[in-house]
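What follows are several structures.
Each of the next two complexes has chain A plus one other chain: chain B in the first, chain C in the second.
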Partner chain A sequence: MPSKVVDALKDSFKDNVTVLSDNGVEDVIVLSDKKLLKEAAKLIKKIHDIVFLITVVDRNPTFEIGYVFSNYVDKSILNLRVNIMQDDLSIDSITSVFPSADWEEREAYDMFGIKFNGHPSLKRILLPEDWPGHPLRKDFKVTDDVRNWTGLDLKF
Partner chain B sequence: MNPLDNKENSAGEFSYSGLGDIVFMKAEKFIDTVLNWSRGWSLWPVTFGTSCCAIEMMTFGATKVDADRMGVLFVGDSPRQSDLILVSGTITKKMARRLLNVYEQMPSPKYVIAVGACNISGGLYHDSYNTIAGIDRIMPVDVYIPGCPPRPEQFQDAVRVLRKLIQQNEIKRYAKQSS
Partner chain C sequence: MEKQKGVILNIGPVHPATHGVLKLIADLEGDTIDNIKVEIGFLHRGKEKMAEMRYFSNYYPIVDKLDYVSALQMEILFASVVEKAAGIEIPPRAVYIRTIMAEIQRIMSHLVFVGSFGMDVGNYTGFIWAFREREELMTVVEAISGGRLAPMYICNGGTFYDLPENFSYMLSPVLDRIEKKVKNEYATLFQKNNVFIMRSKSVGIIDKQLVKQLGITGPNMRAAGIERDIRRIDPYLAYEEMEFEVPTEEDGDAYSRFLIRIREIIESIKIIRQAMKKLPAGSYKKPVPWLLKIPAKYTLVRHEVSKGEMAMHMVTDGGMMPYRLKIRSPTFFSLKALEKVLVGSRIADIVAVIASIDPVMGEVDR
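The block that comes next holds the complex of A and B.
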């Protein structure tokens, strides 16, 4: 059974969406243009209530951001993927549409350094705020500087 | 000096080297010795448990091992009335500040027990970007308890060793403060 939300997305975005899986239970679609994300999120909001999680995969030089949407009525989920390039790591925030994306976006910023435009308070969530670097990127190396960093002004 | 193979005090582990020659001491050392003798018997801990080792620390306070009979009362849980901090669990870099914050609130004769491999060297996470590889990088430590996690009996032993170190005036950090 094809899902309503995938049909709606195909109707409004035409060539900009690629459907990888459309079985009404676990749909996977790829959005080719990151500028359309917020518009797509508003459309998805009509059917899905929450964003479960936001994942980021570093496929050097592109970063693949995955949004997992779901709802409280049936168990279907929608997996929306957006690719962004390494030299422009910014994307629109969908926190204004889905409030549960707030901390997920902060975590993605913390670990990968992706800037979410329009996020209400984009700061680190897991690491200390003055911590240098973004540790889950592929080009991040655990050097002695990182190992010995304590962030403390120690006198002894 | 390792207190465990201290052959001079062969009267057993419940003798106090200081008390034997109390008559010949300087007054300053006499006060230290008496104070330290009493401090050793009432080590109230701050239970700073952050992960798995904390579960064993709870067992240390529970019925079978029973920390209370050694004077380690798990009652306060306020750093301001404690003189021992049991750091059990991985200390992340974000937590390091909070740990020091708690440590600095404790009144001055304060002792630190580092529990588990994580607090000795980083343990499983020694090469991680987000853990302190051994809390002796950020604060002074008196007794280490090895293990991942250590058994509750090892906590008991650590308190016994710490008490012995205190009562033998081996912990010098606070020696000057009584004069």
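The block that comes next holds the complex of A and C.
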């Protein structure tokens, strides 16, 4: 059974959307232009209630941001993937459309250093404020900065 | 005259009522909360990074310490992800053993909730009683797997050992006893206890709208009146053949969240009894090589664990280790509700509301 939300996305974004799977249970689509994300989120909001999770994958030099949307009615989920380049690690925040993305976006910023434009408070969430680097990147190295980090410079 | 500013109160990260290392920064006016912020991350151990450095078979001791009060469910979730990605079918006996273990673990986790919630609202007897019942189940889990808190019982392809022969003689009386205690003694201690009801009723109301806004799942969601359970709508393990109810409450306050857990304990007991009756004979494990290679793909598996909808999203690249493993923690989403529901309430309610959400920081911080 083809899914309604994928059809709606195909209608509005035409060539900018690549459908990898369309079975109404676990749909997978790839959005080619990151500027369209917010528009897409507004369309998705009509069907799906929450951002279930955000998975960032570091495929140097591109970073792939995978949004998984889910709802409270049935078991269907929607995977939406957007690729961004390493030299411009920023993407629109969708917290204004999906408030549930708030902490997930902060986590992605914390672990990968991706800037979410328009996020209300884009701060680190799991690591301390002054932690050197973004540890889930593939090129993260345990440097002396990390090894000697004590947390004593933090202001409380 | 300038209005006197309130007090900023730091609660936690090390405080017995914060269930681990949760930190709250409350802006107080008198003893009313003007504004509150939640800080997490004090138990961050980099488990997602660790996954990228370990073989698929060697990650189990680490998932055990994710949600350390329901370790078996974490193991089952990770095993399901690896098996789905590698295309491994596990034998029916293993499916049933996993179902039984998952439900035993759910009861244990909910008993910890009942106990600590009781303690936080001044009902110390509840704490002792709940841990007494949990201890009996712990003994059963220990007899089955050899471990108590971190059992290391599930492996790729099934379980490490078969159930012992006297398994049902061991478990059935324990289940009977827990059912009796929960239905009678706990009802007297909690549901008919005026002090307990005063502390928890209409405190920290998380309504339907807030649930949908924040992405809350699990018992906290069902307490707000949304009937949804992954075991029911997208059955995994052997849940399709089990008969059970999905309890819901309407109010969404701390007391409903307590009632939901009590009712889920009863449902879990029902499921274990059915699974024990239907337990198929045969092999408990499919031989799987210790070192697996999984082709490049994305695998998403979600399970209804004791805290809500937990998911693991694994990205593989054809190697022997995950390329990326994202863990979706249900409490990570629920905790944000504290910032909304605690505004305007009293300091004393903070403790009750935190406990009613049932946070386990190991799983939030990962």
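Basically, the second predicted complex is superposed on the first by the 151 of 156 C-alpha atoms of A that agree within 3 Å, B and C clash if a C-alpha of one lies under 4 Å from a C-alpha of the other, contacts with A are read in each partner's own complex, and residues count from 1 in each chain.
Convention: a contact is a pair of C-beta atoms (placed from the backbone, for glycine too) under 8 Å apart; a residue touches a chain by one contact, two chains touch by 3 or more.
What you are looking at is a predicted structure, and each value in this text was computed from that prediction instead of being measured.
Colleague: After the overlay on chain A, what do you see for chain B versus chain C, clash or fit?
Modeller: Taken together on chain A, chain C would fit alongside chain B, as the superposition shows.
Colleague: Should A:127 be classified as contacting the first partner (chain B), the second (chain C), both, or neither?
Modeller: both
Colleague: Applying the touch criterion given at the start, work out whether A:103 contacts chain B, chain C, both or neither, answering first, second, both or neither.
Modeller: After superposing on A, A:103 lies in contact with chain C but is clear of chain B.
Colleague: Pick one for A:146: touches chain B only (first), chain C only (second), both, or neither.
Modeller: First partner only, chain B.
Colleague: More residues of chain A are touched by which chain, chain B or chain C?
Modeller: Touching more residues of chain A than the other partner does is C.
Colleague: Once chain A of both complexes is superposed, is A:13 in touch with chain B (first), chain C (second), both, or neither?
Modeller: neither
Colleague: Once chain A of both complexes is superposed, is A:68 in touch with chain B (first), chain C (second), both, or neither?
Modeller: So A:68 only meets chain C here.
Colleague: Go through the superposed model and pick first if A:135 touches only chain B, second if only chain C, both, or neither.
Modeller: After superposing on A, A:135 lies in contact with both chain B and chain C.
Colleague: Shortest C-alpha to C-alpha distance from chain B to chain C once the two structures are superposed, in angstrom?
Modeller: Minimum C-alpha separation, chain B to chain C: 5 Å.
Colleague: Identify the overlap between the chain B-contacting and the chain C-contacting residues of chain A.
Modeller: The overlap between the chain B and chain C interfaces on chain A comprises residues 126-128, 135.
Colleague: In the complex of these two chains, what residues of chain A are touching chain C?
Modeller: Checking each residue of chain A against chain C gives 26, 28, 49-58, 66, 68, 72, 74-75, 77, 79, 99-100, 102-103, 111, 124-128, 135-136.
Colleague: Using the touch rule from the top, collect the residues of chain B that touch chain A in their complex.
Modeller: 93-94, 96-97, 100, 127-130, 132-133, 137-138, 140
Colleague: For chain C, which residues are in contact with chain A within the complex?
Modeller: The contact residues of chain C facing chain A are 40-41, 44, 46, 48-49, 211-215, 221, 226, 228, 230, 233-234, 298, 300, 302, 309, 311, 313, 315, 323-324, 326, 328, 332-333, 336, 365-366.
Colleague: Using the touch definition from the top, list the residues of chain A that touch chain B in their complex.
Modeller: 126-128, 131, 133, 135, 140, 142, 146-152, 154, 156
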